[in-house]
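Each of the two complexes below includes chain A, the first together with chain B, the second together with chain C.
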Partner chain A sequence: MKTGAYYKTKKASINLLIHLFLLSVATTCLFPLIWMVSSSLKSQDVIFKDTSLLPKAFHFENYYRAWMEGGFGRYFLNSIFYTVAVVIGIIIISSMAAYAFSRFRFPGRNIMFFMFMAAMMIPIPGSFVALYVLLNKLHLRNTSFGYILCMINVGLSTSIFLLKTFFDKMPKELEDAARIDGCSKIGLWWHVALPLSKPVLAVVVVFNALNVWNEYILALIIFDSRPLMPLQVALTTFQGEFVTNYPLLMAGLTITAIPIIIVYLLMQKYIVKGVTQGAVVG
Partner chain B sequence: MKIKSTLENYVFVLPAVLIFAVFYIIPFIWVFQLGLYDWDGILPTKIFVGLDNFKEILFDKIWWQSMGNAGYITLIALTFQNALAFLLAWACDREIRGKNLYRVIFFIPPVLSEVVVGLVWQWILDGNYGLLNSWLAHLGLSHLARSWLSEPQTALTAVAIVHCWKGFGWGFLIFLAGLQTIPRELYEAARVDGANAWVSFRKITIPLMIPVAVLVAILTVLGTMQAFVLIIAMTGGGPAYHTQVPALRILASMRGSSRFGYACAQGISFGVILMAISFIQYRFSKKSRV
Partner chain C sequence: MFKLRIAISTLLIGFALFAGCAPKQETGKQVITIWHWMTDREPAFQELAKRYEAKAGVKVNFELYAPSDAYSQKVRAAAQGENLPDIFGILGEKRDFASFIKAGHIFNLTPYMEANNAEWKSSFFGKALAVNEFNEGNSYGVKPGTYGAPIDIMTIQMLYNKNLFRQLGLNPRKPPVTFEELLDIGKKISAANRGGSASGGKQSGMQGLVSGWAEVWMIDCFANNYAFNIMGKDKVLATIKGEVPYTDTDWIKVLTFFKQMQESGVLANGVVTMINKTAEQLFANDKAVFAFNGSWCVNVYKGMNPKLDYGAMLPPAASEKFPMAIWGGAGSSFMVNERSKNKEEAVKFLQWLTGADQQAYLAQSTNNLPANKNATSKIPDILAQFADSMENATHPNVWGLSEFSVVIEAFDKGIQSIIIGEKTPEQVALEVQRIKERELAKKRLVR
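Coming up: the complex of A and B.
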């Protein structure tokens, strides 16, 4: 006969094992990041000798040097600019389109919407080759504008899908009331639909912001001149030139990673929502 | 009035359709066109070569080696990474202290860029200055120390493991969302009927999670086969093509050897293979659904 105490101990030990498992994976997740931050505060002299996680002296000047001499200040502002510009562009363009797809009836509506959806399903691994050629022809290569347009296109399909799904479920009564008051279609979209869609807009903003901030390959082929480069490309360039200047490289990596981690921690509710919704799309 | 209203509708979709047409549809068509030409990307003259590029791909040993490498990484991601993701999701789908904190932590690697992750790990695994080797030395295991990323025996596996480290959070979140949709009453009823934890796991959890698992598998395959920025940051494809993957070969054909036509042909072949794989997986998932 097994007693209640037996079950209690069994349950407690299973729980302990589960905690150990979760804790060890969590440590593995966090460790490289802590190592990155701590190394960014060490000096070049001790970087290979001092492998502790808490540096003996904090060399905050590494950040100053990365920001000024390494040029990361410039690259950081570039990344901010591209991210903000692309996200604003996507919000306006995709919400307009999604609103029309959801509310209006016009010839070609279904085929257009279908094309956006098909683009989400079809992988074209070589598309950056053709994009390079296209941007050259349009004289948009090595320009911020060209990069921003390309990145708006990258986020368009998913954003339209998320927004249209949301608009489809949104009750039409409020818009009817506004229409009777003489509101135009543009007015309905801007004053009624957009404010109501804040929850899904948050998902669209977070995902596109992460995507643009972390984007590498298009930036690599589009930008030749350094003053235009975003952080991700600048990092690989920097690493190629200063192979073992690890303190500055780690400072640059930290500068790149911190904004993303902050945005993630603040908006993680929307990220979880987006992943589970996005998974349904795929 | 009617016409004005219709025109107004088009104004709403015009910006999106215009950008989509120029930056998606035109490049899409061009990839197929350029695949039939021999072109260096600069000269105004393109030489039409028909299907020669595609024939060359068939005998391109490095291309098929890269395909094998990507397949190897994908296999590790499918088994190790997804098993880990499922176990973690299963562990978090219960009354356990701190489960929200774990959930937050597990999704940190996926939100970081491949460049950041690649460069940090590249240093940790470095042969001369890397943390891993210095730990091994401390533990008296210096005979195990090696240049993890520049030796052919270990480079690809090291890259694959870092890829799993970065990617398991996706599967974890999707599995967790799936597990949370299973009604608790099912487990209650099973327990009343005398089923133990293992039986209810096998008879309730597993069958209900199969569609989710297939979805995660499809996403893993598509994501992992096309991953290459992490590899640029870690090894650049070396040592001697041992960590090359198809997407990296396409980039090399374009930037390294200036063969734009060949790069496009590689892109098409790779895209077709990816579509075929996900189609097979999709069919498989339909069959397994009861």
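Coming up: the complex of A and C.
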């Protein structure tokens, strides 16, 4: 007969195994970040000889040099502006579109929805030349507005998909009650649908913020003026054709990672909620 | 609802204020815009732009778009939208270059090159200019002429570590000149690793030749050097044409060299799976006696180990019948936009930029080889060693014909198999020849 001690030991062993597995996953995820920070504090000649995670001498000046030589100040502001503008644009348009796809019946609804979904399948680099020519014809090339429009377009499909999935599952009784209270269609979206979809919106915000923050190829193609470029372009300053200044590059990467880590930490509880509520179905 | 309207209005006003305006262009002064991808040369370019503005009163905007693949996309997109700058560079193969010329994006520089008894043209290394030239009857259908100005050159050759030479009891001023001498050094390296007299009884952990041979084009380059040395250019080209089989004794000889090098111990362990960054790291950290690398390595090694004591050498010759050939030619080139309003000014600037003084400045500050042959007396010694071998340089881009890519792949992978002892040189030669014949048959069928 199996005793209580047996079950206790079994439970403890399973827990240990689970924790060991989670610990190994966490280490795998964290190691590149730790290596990045560690390398950012080494010098160029040491980085190839000393592979330990704790540098023998700490070169904190790398951060100052990366900031100054990369011209991070202006690019930082640009990136914040693009990220905020694009994310707000995506939230407004995708939530309105997703709500309409979920709740309204209109001709061509399914075709339009599938067209948005089909857009998810097109890799962004495949549309670069077309976007360039289009923006050029609209005289929006080399303008922040043109770039923001492109990036909103890039993020719409996935966001609409996520939000529509959520709205489809949302009980209609809440909207019925609001309608009885005299709420208009746009009022339903603003007062009922949006507040309830906070967890999914958190996922949409983090997903798109990360996407815009890390984007640089489209920016490089659309912008001719360096003052309009986002932060990621500054990182290329340290990456030559054959020679890369790794300590400054790693310092720059650490600087650029901080804001997005902060956004993630702020939104963490909503993201977990969003995921557990089935926001990221499929 | 009121809050919503306020929020949306604020957003729209915000967009209009911040996003809608493109930056103002500077007016008054003549401005030349240059797009490039060379991050490491950006500070030197900016300095030269200042000097030119002070000298000629023309403002030059060097605009950096890196990395190179993103730059290429930008240039292609700008060509579609006819928004190319006054001067730009094209990355890619010669057929890409030709397609830009045929689309009317590139200005023919021939009259400027030929002016004043070809003064401009003759200032360059002949082989540096070849990449930018299209000859009579070229297969691309481009009007013969010179369409670009090289700003630097590169060669791919061997490097040797002088400290490790001393440790092996070799004269650091006398690198091996024959293939037999190279194999002898291989034996010394093996002995040192076994704890022989060269290392004072201790196991040295010294590596032989390191190179990025996981990237097969570098193996191809090394093998081609020896093919040119043993059978000469004509026979190599005849092989590409299909007139000489890969089973010819000379080709088997080339393949056998890799077997001999492996057996002598001159090749580093795991060289067939080595990426060039690892090879550079090993050589820079005094762990490998030889490296096979491009002239760009001067900059790389300087960053990794400024105290590294090394020299450049041609791959040791296996035959006296033909000269040893190395791959080399133009590194980076600039082209003038055919549709630019500032064509004349752009050409003048390129002439100035490729002048001896400016080229020497570029070489000194960026450690790249100058394209102007008159600038080599003013450059660091190690760069001059690379430049000295320019006469031995050749490149598939200037041969006028190219081998089937599947044949090249089979040849290079075959060499990897020889090095790891999986196949014999004869087996590889036979396999490559079979693929060659299959491709030739396919080509005949298409015709």
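Miscellaneous remarks
As a working rule, the second predicted complex is superposed on the first by the 173 of 282 C-alpha atoms of A that agree within 3 Å, B and C clash if a C-alpha of one lies under 4 Å from a C-alpha of the other, contacts with A are read in each partner's own complex, and residues count from 1 in each chain.
In this text, a residue touches a chain if its C-beta (ideal position, glycine included) is under 8 Å from a C-beta of that chain, and two chains touch if they have at least 3 such contacts.
As the structure is a prediction and not an experimental result, all values here were calculated from the model.
In the superposition on chain A, contact is made by A:V133 with both chain B and chain C. Applying the stated contact rule after C-alpha superposition, one finds that A:V25 touches chain B and leaves chain C untouched.
In the superposition on chain A, A:F81 makes contact with chain C only, while chain B stays out of contact range. Of the two partner chains, both chain B and chain C are touched by A:I217.
Taking chain A as the reference, the larger set of touched residues comes from B, when chain B and chain C are compared. In the superposition on chain A, A:R226 makes contact with chain C only, not with chain B.
When the two structures are aligned on the shared chain, A:V204 is found in touch with neither chain B nor chain C.
Judged by the touch definition given at the top, the superposed model places A:A119 against chain B, while chain C stays out of reach. By the touch criterion defined above, A:F48 reaches both chain B and chain C. When both complexes are overlaid on chain A, the residue A:L188 reaches neither chain B nor chain C. 48, 92, 125, 128-129, 132-133, 216-217, 221, 236, 239 are the residues of chain A that lie in the contact sets of both chain B and chain C, per the superposition on chain A. Across the complex, chain C meets chain A through its residues 1, 4, 8, 11, 14-15, 18-23, 37-40, 42, 63-68, 70-71, 73-74, 76-78, 80-81, 83, 85, 281, 284-285, 294, 296-297, 299-300, 303-306. For chain A in complex with chain B, the touching residues are 15, 18-19, 21-22, 25-26, 28-30, 32-33, 35-36, 48, 51, 92-94, 96-97, 99-101, 104-107, 109, 112, 115-116, 119, 122-134, 149-150, 152-153, 156-157, 160, 185, 189, 210, 213-214, 216-217, 221, 232, 235-236, 239, 244, 246, 249-250, 253, 256-257, 260-261, 264-265, 268, 271-272, 275-276, 279, 282. Of all residues in chain B, those touching chain A in their complex are 6, 8-10, 12-13, 15-17, 19-20, 22-28, 30-31, 34, 41, 84, 87-88, 91-92, 94, 96-98, 101-109, 111-117, 119-121, 123-124, 129, 131, 134-135, 165, 170, 173-174, 177, 215, 218-219, 222, 226, 229, 232-233, 246-247, 250-251, 254-255, 260, 263-264, 266-268, 270-271, 274-275. Within the complex formed with chain C, the chain A residues making contact are 44-45, 48-49, 81, 85, 88, 92, 125, 128-129, 132-133, 136, 141-145, 148, 184, 186-187, 190, 216-217, 220-221, 224-228, 236-243, 245.
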